[in-house]
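Before we start, here is the structure in question, set down as structure tokens.
We call the chains A, B, C and D, going by the order they appear; numbering starts again at 1 in every chain.
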């Protein structure tokens, strides 16, 4: 009896000791469910891998454990504020995310009121950071991405008529479609833009529309869930035009859907596997060892660009904490504009609106036989 | 002109057939219990999820398909026994709320199991192949659906008109209390209705998800509502009505998606109007118009046997 | 003894209830000054106040009049958009209506006016949709109103209306609950009111609904619920009274929508789904169909449980080194669904049945008589 | 007589209710066939007939629940054919129901008070914001007074449905009186009562007739009651009038005796309106076409 008691006491001591270690909390504001759930999970994986690689940070001479606090915003702008609030309530020093621009905008106000800085990882809509001093971002923006894609479609693919399709009410889709349209029309092409309601499963008629309009490219920067359906339906309809997409399509799910079809898929993205071999190797080993992580990655170890971005975002947050010399969120916010970091996705440095200064995007396409992404070009816009 | 419109009609016929199979479940249950089974669309979605997991477990497809149908029917049976039977004497609002509760529960259960992520539906050979008819390329399932729908409806109508259980169903739908007094086993008739309805929803899910290959917890909501509108449109309680209504709604919704280009080519409008936005809303507008003008639907109760 | 009935009696139970409500308000005010404004408590109170108003408005229709309407999300959308469009500062319009050149509306109304207009717009639409729909019986009415909400959602997402509605894109940067805080000259908040004011708005609106319910019109509505044929035979005109209940319910749903906009600080048509209506319906059911108090209590419980207390169910929990099984994303909603099904099947009265707060302090006999506060 | 003909009052200034060639058809079934009746001020008139004779249907046609297939109805010389039930009630016809239809969630007091709603002058805004306090007070006083007069005052705070059966019937009458009618229609007010209660009811009906200056039109199966209080009796069978006269005359009438032969006085449901099961009344508004 005494022995048991002693063990229990010892365990309690250990536990309380562990609890006493200094902890800094980083909020992970990502969708884990809903249309963008798959992408959000992959973005989170990068952060988790980084956290597992570097679980502590030295702030002002004290070593802190870094704890990731998760909040699922459900890919839904109405759920985003309360998810954001739960992070604020948990006392996070800095927030990473979210995948999807709409939810980022919807959560923004909450972070601003709590003076907590947020680092957008892959939310590319300009409105996320515009006019906000607390929202930063490490990826390129939609006007840039839209222009890159429009250039590619017009110049490389020789298209003169493009069809764009976005989800109604999705800021990312609508924004990117608009910037693509502006750029493509600026080059002298014509664009037909359409949108589909949330929850649509039947895209056959939209594909028919594109064909009827005589489109030579089909631009659909939609979430993974929709893009896989579009690809499959395009394949069974035997469409001839290539499908263009933004960074959201950079997913192994999309590659899987396109495997064995004749649909040509070209996208722009942040990262190309092989750019940082050490990171590739590390995260693959981790994915293969952790079955849950593997499931979240869609069942194989193909590296999503968003994972690489999540990985970089984590380190940017650590840099900010170090620079702030405090876990106080306001101090971190003040330190963030000065942070620079060389990540796996390239050099990260913020401009005055808080956006990363990025001048290039990777263009990738799917190899329909192997179902893998192939590097096409690195594009810059002047 | 026809070449422009035909692909939309084709898509519409395909999805209409799938709505039809779901709508039959609604119309039969409503005919007997006067209950809008809000969970019916979600049962259809559950059928899709069951198929995904069965196929993922490595089971061969020829075994999966019958098992999915049986499992779906079983789900329908259980839902009726657990959620509707205890409320049979309660006000109608209670049963309807229970149906909404079941719908909510099924969606959340699937959200939990799948982690809220889209599940890729397994490819069923042959019906997933591409075919070209009249210059439009589509999946084989597009052609299979209307044919199979018609076969199943004929079989169902025969079952209702010529078997004992079918007669009991007709009796119960005519007059619940009296048939109870006449010694008809109400519970087994209602269970049979649910089993048949959900079985057909299971068939619909096979066809639907072969066409639109991902399943998520909300996949059943819209098709379910549309199928219900189809049932009302056709005249609730009438099986042929539900089928006709479903095809009309399926075709109409796809034509609306292409209305911009159709009108544009016909020279009626000069540029895109974004009318595709209303592809879902149109169904509901149709519903309100029908309810306001002819609440008994196309095939009102008086001219058709309701079940 | 004689005058007991002729004058509506204000008994001790009613006074006690009023005292409790006032005390709660005072407690919230004090808590708001003392506790950090980022606490989850205030989120729950703000969202709870919003949902309470919407739930009570739905109860007025579904519980007190017996009109089974499922159009709540649509009316909330109307209120939220009216509020968002009209209160957006002119200077910000260029940013928000970025694809529509700043939009058509180039003026700004005070929040209070815009909120009232939100209610009026919702009531106007309710009047119009009520013309064909209110003639229908329970379940047809339910599905028709549900369809109406979907139609409204599609219209507000239509690109051609973009200059007014911003298409399917988000409206934001309009005044929200935080703007109720009083700030000193240095921009620092001196008095926190961002939780109290929404609670007061909701409280005032619910108070008006309660007064309506306890007026002669409220009795007529309950009569319609109890027995339409008898009510009509007693000279109560069904059409006008149902329309009245439907429009007033929608009016307050519109105000609730405006409050939701303030709470979220963004508005987007995409979010006003059928699922939102279902959620509110379930709140009403849990609280008790036909009890204002029940709807209020269950709104706060529902919001607190879903946003705060049960959130841990969605994350892995370690108790002394053991991982608690089943806990992962989505489990919270499963638990929720099961609770709801239990209430629906076994506790059909919900928390309060048809009782109200003062009834809790009265003897059993009087309590049976229903609301009489 | 067809509908195009101008509808005169029957010329008798004392005539309160005039039913003129009223026919009510449901599909192929003729529930009321060419019924013509007059009820004069201060009379108690009974409508009797075997089960299924169409009595309640006639009531429903008079009170606006059904629109007559042909024929017309006038109240005090004013045509009320095709008016809504609530309009007809406002003009001064109140009724009770064969199968009691009280407002089940309300107290006795509120049931009666609610029936006073139609005499309001307030609108929903003035009522909500209590700008109608004087009116509300008057309504409550009158209700209290009425409850005292019918002897339900002691039970005022009971829930209506918790009352014993006989009291529920009484409450139905009180509620009808609360609408301030000129003509009171009672649909089997003694159904389910024992002989003593029935006798008391008869006295009660006579009393209220005097006190409230009413004309009473009732359907009843209890012959003792009918014969005891009625001034005149109409007898119908298969929707058609087969006799009319004083109680004594009717009792002697061979056609009446034939119609009643072998018919026991069982209180079964008789007319389509009320026989329809409660729980399944889904499309009531559209079905009786």
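Operating definition for what follows: a residue touches a chain if its C-beta (ideal position, glycine included) is under 8 Å from a C-beta of that chain, and two chains touch if they have at least 3 such contacts.
Model, not experiment: these values are computed from the prediction.
S.K.: What chains do chain B and chain D have as common neighbours?
M.R.: C
S.K.: If you tally contacting C-beta pairs, which comes out ahead, C-D or A-C? Let me know.
M.R.: Result of the comparison of A-C and C-D: C-D.
S.K.: Closest chain to the overall C-alpha centroid, by per-chain C-alpha centroid: which is it?
M.R.: C
S.K.: Can you tell me which chain lies farthest from chain C, using the average of the Cα atoms as each chain's centre?
M.R.: Computed centres place D farthest from chain C.
S.K.: CA centre of chain A versus CA centre of chain C: separation in Å?
M.R.: 35
S.K.: Centroid from C-alpha atoms only, then distance chain C to chain D, rounded to Å. What do you get?
M.R.: 42
S.K.: Please report how many Å separate the Cα centroid of chain B from that of chain C, as a whole number.
M.R.: Taking the mean C-alpha position of each chain, the two centres sit 33 Å apart.
S.K.: Rounded to the nearest whole Å, what is the centre-to-centre distance of chain A and chain D, using the mean of the C-alpha atoms as each centre?
M.R.: From the centre of chain A to the centre of chain D is 73 Å.
S.K.: Pull out every residue in chain B that's touching 2 or more other chains.
M.R.: Where chain B meets two or more other chains at a single residue, that happens at 34, 92, 111, 115-116, 221, 274, 277, 280, 295.
S.K.: At least two other chains touched by the same residue of chain D: list those residues.
M.R.: 282-283
S.K.: Among the residues of chain C, which ones contact at least 2 other chains?
M.R.: In chain C, 135, 138-140, 154, 157, 159, 329-330 touch at least two other chains.
S.K.: State the interface residues of chain D toward chain C in the complex, per the touch definition above.
M.R.: Residue list for chain D touching chain C: 63, 65, 84-87, 89-90, 94-95, 97, 101-107, 109-110, 113-118, 120, 122, 124, 127-130, 132, 136-137, 139-141, 143-144, 156-157, 159, 162, 175-176, 178-179, 281-285.
S.K.: Which bits of chain A are touching chain C when the two form their complex?
M.R.: 11, 15, 32-33, 70, 72, 76-78, 81-82, 85-86, 88-89, 102, 105-106, 109-110, 113-114, 127, 130-131, 168-171, 174, 178, 195, 197-198
S.K.: Could you please specify the touching residues of chain C with respect to chain A in the complex?
M.R.: Result: residues 37-40, 43, 47, 95, 98-99, 154, 157, 159, 167-170, 172, 176, 178, 263-266, 268-271, 276, 307-308, 311, 314-315, 320, 329-330 of chain C touch chain A.
S.K.: Name, in rising order, each residue of chain C that touches chain D in their complex.
M.R.: 5-8, 135, 137-140, 208, 211-212, 215-217, 219-220, 222-223, 225-227, 229-238, 244, 248, 290, 354, 365-366, 368-370
S.K.: Spell out the part of chain B that touches chain C in their complex, as residue ranges.
M.R.: 34-36, 82-83, 86-87, 90, 92-94, 96-98, 100-105, 108-109, 111-113, 115-116, 221, 225, 228-229, 232, 273-274, 277-278, 280-281, 283-285, 287-288, 291-292, 295
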